[in-house]
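Chain naming follows the written order as A, B, C and D, and within any one chain the residues start at number 1.
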């Protein structure tokens, strides 16, 4: 079995190699500025060419009820539906709603976990955009608490 | 040759002494007095930084000194000593200059929420918080509260304070003011800061906290 | 140069679960420093993943992804010994790629 | 038999479901949040950095730290963390992990120890000391604390540390004991371990270094104590000062038998 340390060593070695070969296509690095500046869930969906979002049981959002600290809030988005193009996590009351957008391919499951920053207690959305331009969502309120000595 | 031997012998003697030393630490000179060592360490280990000056630990008052010693010994303070310290602390309490004990509970809630002020990263003259929620439950709405002190939810209601200005409420109103101003007046070694006495909160801030606890309109008493 | 990522990739059945930790400030652009000056946004904008050299996943991230980001996803049809590589790029144009072998 | 266990499983499942339907307490929710963070602790990034730094030839003497004696002989890393602070004959002093690392950086690599001690946490070589401490601590994960108390100075440091632990001071009369002298208390929603005795595996002294979620920083034990003193409204404790080492000795000896979980992830 490979230890974590070996993995690391290997990672560092290949890093420069991959960079040098230019293995990653440039178009993989598109960044949808409009989507990341949008304030509402609907505007984010629109920025990705989808219609008005509707609530759906086929989209799953995993997030805690209470976050001990808003700086790191675990969130997972998943969908059981076929034909999902994008999965996104959004925090409604953040300065910009969109946290992350993942592209689904045949090679990965429609299931991603990441961690978001939350400025305050807010509804959190998991949104799925289908190949035919539908936006489906699940939502949940996550409370952000004040912790520690507060100084 | 002779010289070499001499060096060898002395080297052996030294190493023997070192072994002996490591093996029998108790045989060293009588152990240093930990109280003195601690006092010395405090002097050499802390430095003034910003508004947090070293005298905050090198020059503490008698109340703290005696309570600290009692904690180290693991024994409560002698009853007579405790009484003497409480009386001394009671004398420091500054009662409201205009006889007005209660301010605005909404401001009180904000002061109770804040844990800021007086650290080496704070600036002089900044508004200090009361640190209240760190240790106490106060209003029902705030779920992030500490449990070092007792719950203060329904503080006034439980003590039947219907009108804080009434003669009937006077003893509890005065006690509450005194407790916030100098908690050691009622319990010499209390964990609670002496917010008024040590200059952490202003008279006006204490009034606001009083209102949070005692005003029948405060969410605390709903 | 940015510090290396930690990539853990574990096969389970015909899939592999990949967990990635990246070393990045993820500065929001909303924060002020002690002098009151706004700290400019500095965050990862794109993440791509390849399985044995073939791109299988891409993502766009905003500044609201937490500092030192964590990412978990599941690769279909991956087995022990396969190579997973992850690349990130940030809004300053800095990029980093690391690779791990599925165990 | 098989049927019984299935029935039981269904029953328990139903119980669990009804439990989940009932309103969860804030404490349970926070517990759930902490659980979600455990898998994927960014402390791993710092551990990896420390591991690389330990082996890398650096400093004016272009040497690695692999000959550093952390108390169990030159180069022995595993198990060293759970026996620190301890007395080191070469410096004739009790040292904690971070002070010891700085001594090794000076002796082996030629760095200036006093310069490092003056560097703020998270910057320059001090950030490297924290990463190294994270790596060294991680190598003792799961081992039980067992600080030596045979040298006279180790005993003195324990007794002195105890006095520092109970020392009220500052503008708020806070001592370490104000928050950590009793079992079952919390500040806001954070549980406070009772540090006058062994608070349990992976708790208190056995939990640091830790990755702090609130600021995304890796915190060593010295920074943990430093910030406790800041919140106590005390003056600034110097890095590697005797008071900090003595306090650590008191906490470490009290933790005897507690299994180390460092590096952990904390609010």
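Keep in mind that, in the parts below, contacts are C-beta pairs under 8 Å (C-beta built on N, C-alpha and C of every residue); 3 or more make two chains touch, one makes a residue touch a chain.
Source: prediction; values computed, not measured.
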Result of counting contacting C-beta pairs for C-D and A-D, higher pair: A-D
Averaged-CA centre spacing for the pair chain D and chain A, given as whole angstrom: 33
Rounded Å distance, chain C centre to chain D centre (Cα mean): 28
Rounded Å distance, chain B centre to chain C centre (Cα mean): 45
Centroid distance [mean C-alpha coordinates] between chain D and chain B, Å: 25
Residue numbers of chain D (touch at least two other chains): 26, 40, 44, 48, 187-189, 216, 230-231
In chain B, residues with contacts to at least two other chains: 115, 119, 131, 133-134, 143-144
Touching two or more other chains - residues of chain C: 4-6, 26, 66-67, 70, 72
Those chain pairs that satisfy the touch definition: A-B, A-C, A-D, B-D, C-D
Residues of chain A defined as touching chain D within the complex: 4-5, 8, 64-69, 71-74, 115, 143, 145-151
Touching residues (chain side chain B, partner chain A) in the complex: 113-117, 119, 122, 129, 131, 133-134, 143-144
Residues of chain C defined as touching chain D within the complex: 3-6, 19, 21, 23, 25-26, 66-68, 70, 72
Contact footprint of chain C on chain A as seen in their complex: 1-2, 4, 7-8, 10-12, 14-15, 18-19, 23-25, 28-32, 35-36, 71-74, 76, 91, 94-96, 98-103, 105-109, 111-118
Partner chain C, residues of chain D touching it in the complex: 39-42, 44-45, 48-49, 211, 216
